[in-house]
Amino acid sequence: MMRKTSEKAGFPPGSLVHIGEKKAEKAKITLMEYGPDQVREKRVASISELLPLKEAPGIVWINIDGLHDTGVIEEIGEVFKIHPMILEDILHTRTRPKVEALDDGFFLVFNLLYRKEGGGIFSEQFSIIFGSNFVISFQERENQLFDPLMDRIRNEKSRIRKKGADYLAYALMDTVVDSYFIILEAFEEKMEAMDEELIASLSRQTFQSINDMKRSLITLRRAVAPLREIINTLRENDAGLIDEGNLIFFRDIHDHVLQIQEIIDIYRELASGLHETFLANVNNRTNEIMKTLTMTATIFIPLTFIAGIYGMNFKYMPELEWRYGYLAVWAVIVGVVGIMFYFFKKKNWL
Amino acid sequence: MMRKTSEKAGFPPGSLVHIGEKKAEKAKITLMEYGPDQVREKRVASISELLPLKEAPGIVWINIDGLHDTGVIEEIGEVFKIHPMILEDILHTRTRPKVEALDDGFFLVFNLLYRKEGGGIFSEQFSIIFGSNFVISFQERENQLFDPLMDRIRNEKSRIRKKGADYLAYALMDTVVDSYFIILEAFEEKMEAMDEELIASLSRQTFQSINDMKRSLITLRRAVAPLREIINTLRENDAGLIDEGNLIFFRDIHDHVLQIQEIIDIYRELASGLHETFLANVNNRTNEIMKTLTMTATIFIPLTFIAGIYGMNFKYMPELEWRYGYLAVWAVIVGVVGIMFYFFKKKNWL
Amino acid sequence: MMRKTSEKAGFPPGSLVHIGEKKAEKAKITLMEYGPDQVREKRVASISELLPLKEAPGIVWINIDGLHDTGVIEEIGEVFKIHPMILEDILHTRTRPKVEALDDGFFLVFNLLYRKEGGGIFSEQFSIIFGSNFVISFQERENQLFDPLMDRIRNEKSRIRKKGADYLAYALMDTVVDSYFIILEAFEEKMEAMDEELIASLSRQTFQSINDMKRSLITLRRAVAPLREIINTLRENDAGLIDEGNLIFFRDIHDHVLQIQEIIDIYRELASGLHETFLANVNNRTNEIMKTLTMTATIFIPLTFIAGIYGMNFKYMPELEWRYGYLAVWAVIVGVVGIMFYFFKKKNWL
Amino acid sequence: MMRKTSEKAGFPPGSLVHIGEKKAEKAKITLMEYGPDQVREKRVASISELLPLKEAPGIVWINIDGLHDTGVIEEIGEVFKIHPMILEDILHTRTRPKVEALDDGFFLVFNLLYRKEGGGIFSEQFSIIFGSNFVISFQERENQLFDPLMDRIRNEKSRIRKKGADYLAYALMDTVVDSYFIILEAFEEKMEAMDEELIASLSRQTFQSINDMKRSLITLRRAVAPLREIINTLRENDAGLIDEGNLIFFRDIHDHVLQIQEIIDIYRELASGLHETFLANVNNRTNEIMKTLTMTATIFIPLTFIAGIYGMNFKYMPELEWRYGYLAVWAVIVGVVGIMFYFFKKKNWL
Amino acid sequence: MMRKTSEKAGFPPGSLVHIGEKKAEKAKITLMEYGPDQVREKRVASISELLPLKEAPGIVWINIDGLHDTGVIEEIGEVFKIHPMILEDILHTRTRPKVEALDDGFFLVFNLLYRKEGGGIFSEQFSIIFGSNFVISFQERENQLFDPLMDRIRNEKSRIRKKGADYLAYALMDTVVDSYFIILEAFEEKMEAMDEELIASLSRQTFQSINDMKRSLITLRRAVAPLREIINTLRENDAGLIDEGNLIFFRDIHDHVLQIQEIIDIYRELASGLHETFLANVNNRTNEIMKTLTMTATIFIPLTFIAGIYGMNFKYMPELEWRYGYLAVWAVIVGVVGIMFYFFKKKNWL
């Protein structure tokens, strides 16, 4: 759950050390420049290509996939004059979601959440720096999450083409928050499945699944909790960066975050309910087993005693000589069984 | 519990996509226009009929039943100049209860709660837009909840006829909040029934009922919790929209909401109490079963041993030859049983 | 616990509908008018008798017992010009304790709590309206709670005779809050009794008593919790109504409320402790029963096996022919029992 | 835990009724008057002796031991012009710890906590009134808690001799708060002892001890919780009464109170841990007992069956005639036992 | 967990009494003086050597290892004019982490946490006083925690050489906070190990480990919780002491503290999960044992009864004479076993 932050423990603050999986491949840098009338896309090989962009007339979106390539991050930092502590936060992929006001923009950190194969979720870091006419986004790995957004930019009739960098930043955040809803829906299906599974099975796996669910909800809550504060900061700190007319969009995300938090709380309660149901079912089964044992033993132990009595070898046991002694014993046995059944019935144990 | 918000995940923000059950029938639009002296009711077929209403002298209440008909919603949005994000909230039927101040009015979202056949509750969305002289309400389905309110409008002596659109909005909210009380009463009856059921039955159904009750209370709490903030916002933001003299009515709703929240909290504690009682009863029963087994086994196992002893086939077992050996064994048996009963009695197990 | 608020659901707001038990008898109206030098008491038959009181020189206390008589309440509302929403709160006997500032006075709602015969408590509503020189109090039923207060008014040396209507209002509140202390003491005695009962008895009744205690504490907390806010409002809103020198008395009630809340919290924890003790005792007893069964079974089952062996009818069983075979078997049996006892002793099970 | 506050229920507010144990002896009044250069100590017999003190040049500390002597308290109230409600709080020994600003001083209430013989703690009330040059302290009983403080006053080199009445009040509070630390240490020792006791013993006494510990922590928390607010009030309200340079001392008490609260919280969690450990140990033991029973029964019940088979008296049972039948049965028995042991071993039950 | 604060109980406030282990050796005092161009290190034997440092041009860092040497602390207090209450806090090694603004600097207290050999953590106190050009740090024992920081100071290219005393204070705090991350990682490994241990073992040790983990998390939380407030105080109180440009570093620590608190919360929930898993596993095992017993007993008890029947010695038992009676009994036995197995299979108990 926590990656080795201690790898960084010896270094001075502001050191550009990537926390996470090291890979050989270079970071992938893609560029979109767009305005109401045009859109330009490009795969960038060298950071120096980005330099002329600073004077570009449209909105510039630079996306970097792959934080292990610290050289690239450092160069970008130099080109766009980013404070070393911000770069450190970008690379230190366990940074808590947060916002920081820069001189001429905002720095934002989010968690992208993915579902693991066997259930559970894992988290990657997604950082954005945006100013009046540019957005730089940093992802740990390449992924398809933002493809629909790119398509909207390519579509000349879409609203995003007429809006500024603040709207692009909003659209990125919105995509991230929407992805949490998809995870929540997966959780809901899982829970419904588990509800039924609980009736049939009481295995250790089921119990483990409930625990995994709880842990995933903790991870999700951890990703979502700081978002409200982030959006409030954005809405209040608008030093001209966020257009008045776009505030309604940020408020919309704020509402979604509230809603996600509520759903998480509900799911946590439901998961506790599943847990309790599991324990109650286990208890129930133990009780059923107990009942079977009790009834068998309670019926047969006295009978065995009766049989034992007449298995004794005393010389003088008058009953043994009786003509219908054996039949009488059977009669007693049947009588005892009958009384017991009546007793169990009355006690509501059958 | 959560409808598929992900259906919307691909669309740009502000898209008018209805979240919920799709139906073929058209939305039903009803219109009431009233003042101290007159009332006019009409079933509206086309949105264009609503246009002249904007200049009407009285209070105009437009009610739309059926959100699946996105075309109608869109047209209304155009006629009344409603921001697309507001329309999106109206259609996105999982919006959290909230208030938003518009340029010349308020937008409100509530949950209507209904009891399901087999226990449990489900929730529908109810939105209101109101301005200085109009109220537009949006419901997912047609229902009878507001019929008494309509009757009051039709009655020329009722207070509502002399009041403005703010009072109509209040009356709608009041009706919604009162409907929560009815649900709470149903819960109370259910709980009292369950209290007695718990004594007789320890079935899995009973346990499930308690869990369902808990879930319903969560849903209810979720519908009620945002209402306090909503009413506070309305009372503070009164840009001339809410008449000073009507504030007392909104405060009254506020008090009711507080009361509902308290009752929900109490019911949650009571439901936990039921849960604990259930577990204690299950435990109790297991104990009773255990006691029966223990006493049967504890009494008969030693007796069977005694019988077993004299069932042995040793050549030299002097007791077997005794005249009253058999009687002596019975005496021993009766003695052992007596001692055991005394012991159980002393231990308070009988 | 909750009376049928739904009886009111159809009516417009401000309707004077009594929620609670309907009775045939008329409301009982008593009147006290007093000043430093004189006191006048009267049983009032018709509301019109109250009219001249508005100009009376002393302090006027009108007490109404019986809210089912809505006609009387309505008339009083007309005489004293009380807003219909306030009258509604007086009659709607499930109103949450609260304070409301009126134009020339305060409206207060409290809960009177009574202990039921078989344990548990029930709650009645007590409302006060007080202005600069009058107090009107509304009770659901006649009761003796305020008799000592009346005696103090009748005593010409008592402080209350020299004070204003604010002090009378304080004295009424003080009496209500003091009555909570008496209930708390009853709870304490009950708890101490239960502490001892828990040692002797593990019946379902005991468990039920603990649960009832918890519920009563919830009811009590619900009555007390809003009082702090009420008193703070009174102390801050003093538009000349509350004498500066009397503020210390209201602060005193505030301290008492704080203390009651703390005691309730402590009792809730103690009740949880009783609950845990109950469960632990039940567990303990099950363990004891288990131990008895285990030891009996563990000792006698092997012995019965030994006896069973020598009860077999094989032709060639040399032991059966031995002279001291039978004695040897007894020796083995005694040995086995000895070993078992040693084992149990070592395991600390005896 | 709660003394009978109801004894007071009938009396008007401000009545001087002592709540607590009544005793015959008179209250003990001691007096210390000191300055940088001199100290004067005296046992006071009559309140009138205190009158000239009001003009004394040094700091005056009057200590009253014994609140049952209401006459003395009343006289002091007259001499020092103390409001009757303050006197009531002094005598009503269940007052919550609090501070009240007087015209020319402060009134403070604390709890002195003592450990009972058999574990548990009980609480007494300690009140202080202090002004610019005097401190009056009220204790329920005589005790040695403040003896070291008196010794410091007697020592002419100590800091306290050079300071004002505010420092003396601080020193008294500090002594009270330090006494809580001593109780906490006793708790810690108790807990460590219990940690070991839990391994050896599972008696009801141990369980009771854990519960007593929890209750004592509640009492302690109740005494400590209001102290933070008290000290904050003192630090803010300094109408010249508290010397700027002495504020650091009050801040120091504030830190200690914070620390005590944290330790209480930790101990509460530890006590819960002990509780859980107790239950787990009880469970563990039941499991062990179960295992013994299971293994004995599971081994011998089938064996007894085998023996039973060959104890049957059928005419035609060929095995009975075999030469080595008896030996074969023993072989089967040994085989069954072996298989069972292997099975238990594999299941990790041995 | 708590050292004997009571050792101090008798002393007047401000007494320099060391709380903690007493040792004979003298305190070790090291000195670093540095600026952009030079660095000077020295082991100091006598406090008088420190006097000229007050006029030194660079940044001065004095580190004292060993608080048992109260004489040294007192001398330092005199040289640097530190208030006796501050010195008391330095020596009283159970002081809660805190910050205090001095006339010309800040006083800070932290906890250094170390992992014990057998699991668990213990805490030592680390105090800093820093002003515009000096930092004095106090540790209970010598340790290597700050060696990398010293190396950075020795390196003339490092940022720290160009910064002021506020940056040095930051670097010390950062080192402390980073050390908490290392402890958290150890916890994570321990938890993962325990996750697997839980499957194999249900011993009391495992249970104890979970409890120890919980206690350690409480200790850690106690060390971390006050840090947020400390850093906020530092950031707000910057009376010129903290450079504007260094605020970002303190904000960075603030973010780390938030992150640690979140991780602690998550670990506490995970530890609760482990606890529940442990109990569920214990339950599971008991169930398995029960099942074995039940099935053995339920199968063999009736069979033994059958065998017992035909072991009776009645004269007239026709079955005994049958040619295939013995075979028939075996047939019945096999039949009964078959039915039972079918029943168990159906009940899903196998």
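Think of it as A, B, C, D and E in the order they're written, each chain with its own count starting at 1.
Going forward, a residue touches a chain if its C-beta (ideal position, glycine included) is under 8 Å from a C-beta of that chain, and two chains touch if they have at least 3 such contacts.
Keep in mind that what you see is a predicted model, and the values were worked out from it rather than measured.
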Problem set entry | Required steps from subunit B to subunit C (each step between touching chains, minimum) | 1
Problem set entry | subunit E and subunit C - chains in contact with each | D
Exercise. Tell me, which chains sit next to both subunit A and subunit E?
Worked result: none
Exercise. Shared interface numbers for subunit D and subunit E above half of all numbers used, same, or below, different?
Worked result: different
Problem set entry | Separation of mean Cα positions, subunit D and subunit A [Å, integer] | 43
Seminar exercise, completed: Note: subunit B sits from subunit A at a C-alpha centroid distance in Å of 27
Exercise. Which residues of subunit C are in contact with two or more other chains?
Worked result: 286, 290, 293, 297, 301, 304, 308, 311-313, 317
Exercise. Does the chain-touch network form a line, ring, star, complete graph or other?
Worked result: ring
Problem set entry | Successive chains around the closed ring, taking subunit A as origin and subunit E next | A, E, D, C, B
Exercise. If you look only at subunit B, which of its residues touch subunit A in the complex?
Worked result: 1-2, 4-6, 8-10, 12-14, 83, 85, 88-89, 94-96, 98, 100, 204, 207, 211, 214-215, 218, 222, 275, 279, 282, 285-286, 288-290, 292-293, 296-297, 300-301, 303-304, 307-308, 310-313, 317, 319-326, 329
Seminar exercise, completed: Per the touch rule above, subunit C residues touching subunit D in the complex are 148, 152, 158-160, 171, 174, 178-179, 181-182, 184-185, 188, 248-249, 251-252, 255, 258-259, 262-263, 266, 269-270, 273, 276-277, 280-281, 283-284, 286-287, 290-291, 293-294, 297-298, 301-302, 304-305, 308-309, 311-317, 347, 349
